[in-house]
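The following pair of complexes shares a single chain, chain A, combined with chain B in the former and chain C in the latter.
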Partner chain A sequence: MQQPSCPPPPSRPAAAAALLVLADGRFPAGGHAHSGGAEAAVRAGRITGPDSLEDFCRGRLHTAGLVAAALAAAACAGLDPVELDAAADVRTPSPALRATARRLGRQLMRAARAVWPAPELAALAAARPRGAHQPVVLGAAARAAGLTPHDAALAAGYETVSGPATAVVRLLGLDPFRATAVLARLGGELDEVAGRAVAAAGRAATGGTGELPAASAPLLEITAEAHAAWPTRLFAS
Partner chain B sequence: MTGAAAPAAVPAGLSASARVAAGPGGTLPVLAGDGPLALRRTRAAGPYAQVTLVGAMSAPLGGDRLRLAAEARPGAALRITSAAAMVALPGRGGGAARFDTELTVRQGGELRWLPEPLISARGSELVTHARIDLAADARLVFREEQVLGRSGEEGGRLTSRITVRWAGRTVLDQELSTGPGAPGWDGGAVLGGHRAVGQLLVVDPAAYGEGGRPAEPRPLGGTAALLPLAGAPAVLVTALAPDALALRRLLDTVTP
Partner chain C sequence: MHRDHPVTFPGRHTHGAQAVRPDGRRRALRIGLGGPVGSGKTATVAALCRTLRDEVAIGVVTNDIYTREDADFLLRNAVLPAERITAVETGACPHTAIRDDISANLEAVEELEEAAGPLDLVLVESGGDNLTATFSHGLVDAQVFVIDVAGGDDIPRKGGPGVTTADLLVVNKTDLAPYVGSDLGLMARDAKAQRGGLPVVFTALTRPGGVGPVADWVRGRLAAWRTGGTQ
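Let's turn to the complex of A and B:
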């Protein structure tokens, strides 16, 4: 999935295992402190068990997940990460979600620069010292690790559903086996979303960031603002 | 088309377009539209030239291609309303209908876009895209309301995108897909059982730009929020409600 108009990645080691490192929930990038909107959905009674968790994750995957996957794929393919960061802003009307995305991006950047040092990562960190949007950093990190845009899209998409599923185990006391089964059932759709994300990133390489998907999820945007103002909460978002 | 001997003759749906341009002093140098996009000049209070979409037939049907372009020229104030809700209906086999809107506000101009809701009827398939292009000092009030299904009815498939450029750069790009075939649309991340969804976009450099007061984000009840956009003197209200009436009441509380 080479983009002819983009520079080649700085190095291409045999890197499949790097995807496991990057997508590992224990990768020290702070993601465990975030529920991806699941905490607000549990409080509102919109997630009460495995079925409603699956509906929630499916909606998130095909909206915020698709957008994140496309941004990550585009960054991994070598599109200008500062332009992609602006494209993420215009697709994120909620200030609370923008702040979360930048905080997570900053934390991921710290970890990624230690694990896969690369001049391109340093340049992005310098251009966005308070953090670029997390999916853009994820794509840039995948590029530094020698991964493909499809790998980056899969990792970004997976994270949009694994976060809520893990959080709901704590929030509802849901059986972790059943939460993980939800993730497994969404596997085919994750593959499909990653494929669409890579295709969109390819179009953006020639047509600009307007070609990237802009799928939105109203409840995620709406509830993020109220959640950010809760005096006590288990998760940061 | 009643002939049984014409299996290949699937009607492609109609194409209709309308154009309106407002000049300073309440003038309307351009006002053209017909069929489902018939336009009439109507009375308005204040400095506005007002145009009402009177929708002479029910549309859009599957396969239809509708296009509406409205422009507030430099210094002009234009208000656009509609006489009734627009109902997306199933077509005769022409696939999805499309409704494209291009709204342009030039220097010192103002546009108030306040149509009645779009209702997505069962079995319909409609794709809408509103492209809004604003000069740096332009003012805009843009309301979009969607109702999924008529009373007691499931909705159709509806995909709507809004892309806003302000002072030459994109400041908002949002797409919402709902109804049969849109994965996860009714779950707790997207609509969560609500059947009316709306957005109100207010762009006002005097209020939110330099010299004004930047807006603070705030929840509006449990199912709506006021969201200041990044890098533009603009706020977006996104709202969900059980029905069209409740949605309108909610959006009216924040419409300037």
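Let's turn to the complex of A and C:
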């Protein structure tokens, strides 16, 4: 997707492989300490095994995942990241999740600037010194890496399901092969979500951020607030 | 395990660990404390704070595994004002947070320096882990590995990156050696064999002044840091 109203990426190396670097679970941007709401769902008995993990991930993918993917695609396409950051804010009712998104955005910014230095990343870091929302930074990082908005959407969507899956392996001692199979089974839906995200980002390029999806998962928002107040927990969110 | 030779410092630290801050001031010296669960890392941090806090401005970052236990202990014992202590959450993987993905710890250290600074020394305590857990050179300038005599006097012989490569090895709880049948002489010989010339100190933190040898080593690092060296 390339909208005439958006500036072209600053550089365009042949970059497909950069997607592997950006989406690698070991990319050092802080994600390993977050469960994406899975810790609260495990404690509440809503995730007990591979099937309920798949349900949880599917729900997250089509709500928070779609929103994150659209924000990332839009940022990668060159829409104003500060405006996108405001759009992310209004799509995140829970203060705890907003704080988490900004903290992770700041950690990702640190990693991205080290890996793909770019003036646009530096400008966003300066405009949002406490951190922009993580999906916006992810899109900006994808742009700096020479990736496409579709790549950015895939990476953002994938992260919303891979985080909980990894966390549940640690929380429940779930068989890691079965947890990974869940991610593989969600692949087709992830492709579809990424496609919708890119289309929405395309509309936002001319119609403004109001065109971006605002799907929400109220239970994720509510349990995130409760989780943030637990005295004892394994994951930061 | 790979280790960069200290002479390459500080040029390689380009993302959060630059020795000189944007305001031109040299940032705080960062020392990591790692080691197995319960060996005395928090006790060492607390004793270092009490011993050194009148000489230098200190901040502490703890990496608790699933509570704020260590941070709360330091607060309860009032070793430092509350704004000098902060806790990082590690998602069930304490070694990841100090080695493979240091982003949360770097944020914590920088926030501490911004909020409570300028500081001279930041101590980063790892969550209790295993013998392979070491700190990234992107996070700390020097690291201390704390083991204790009660964990078995064969730990130095077993080696592992913490025991063999830490800048200082602390063998703590020597007061317990007679009760657990640990041979301190053997531990000292094995540690020397594993570590070559790197220093080893034996401590009993329960005794008055027990942290003395560690505090002296930290003073040496601080003096070197101020004059631009790392040793």
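The criterion applied here is as follows: the second predicted complex is superposed on the first by the 237 of 237 C-alpha atoms of A that agree within 3 Å, B and C clash if a C-alpha of one lies under 4 Å from a C-alpha of the other, contacts with A are read in each partner's own complex, and residues count from 1 in each chain.
Simple rule for what comes next: contacts are C-beta pairs under 8 Å (C-beta built on N, C-alpha and C of every residue); 3 or more make two chains touch, one makes a residue touch a chain.
Source: prediction; values computed, not measured.
Steric overlap between chain B and chain C is absent once the structures are superposed on chain A; the two fit side by side.
Looking at the shared chain after the overlay, A:R103 reaches chain C, while chain B stays out of its contact range.
Contacts of A:R91 after superposition on the shared chain: chain B is touched, whereas chain C is not.
With both structures placed on the common chain, the touch criterion links A:E225 to chain B but leaves chain C unconnected. Shared-chain residue A:L61: touches chain B; no touch with chain C. By the touch criterion defined above, A:W116 reaches neither chain B nor chain C.
In the superposed model, A:Y158 makes contact with neither chain B nor chain C.
In the superposed model, A:R170 makes contact with chain C only, not with chain B. After superposition on the shared chain, chain A has more residues touched by B, the comparison being chain B against chain C. Here chain B and chain C sit at a least CA-CA distance of 20 Å once the structures share a frame through chain A. Touching of chain A by both chain B and chain C, each in its own complex, is seen for no residue at all. Across the complex, chain C is touched by residues 26, 28-35, 103, 106-108, 110-111, 113-114, 167, 170-171, 231-236 of chain A.
On chain C, the positions that touch chain A within their shared complex are 14-16, 65-68, 88-93, 96-97, 100-104, 106-107.
Here chain B touches chain A in the complex through residues 161, 163, 169-177, 182-192, 197, 217-219, 222-225, 227-231, 236, 238-240, going by the rule given at the top. Of all residues in chain A, those touching chain B in their complex are 37, 41, 44, 46-47, 52, 54-64, 86-87, 89-96, 98, 189, 209-210, 213-226, 229.
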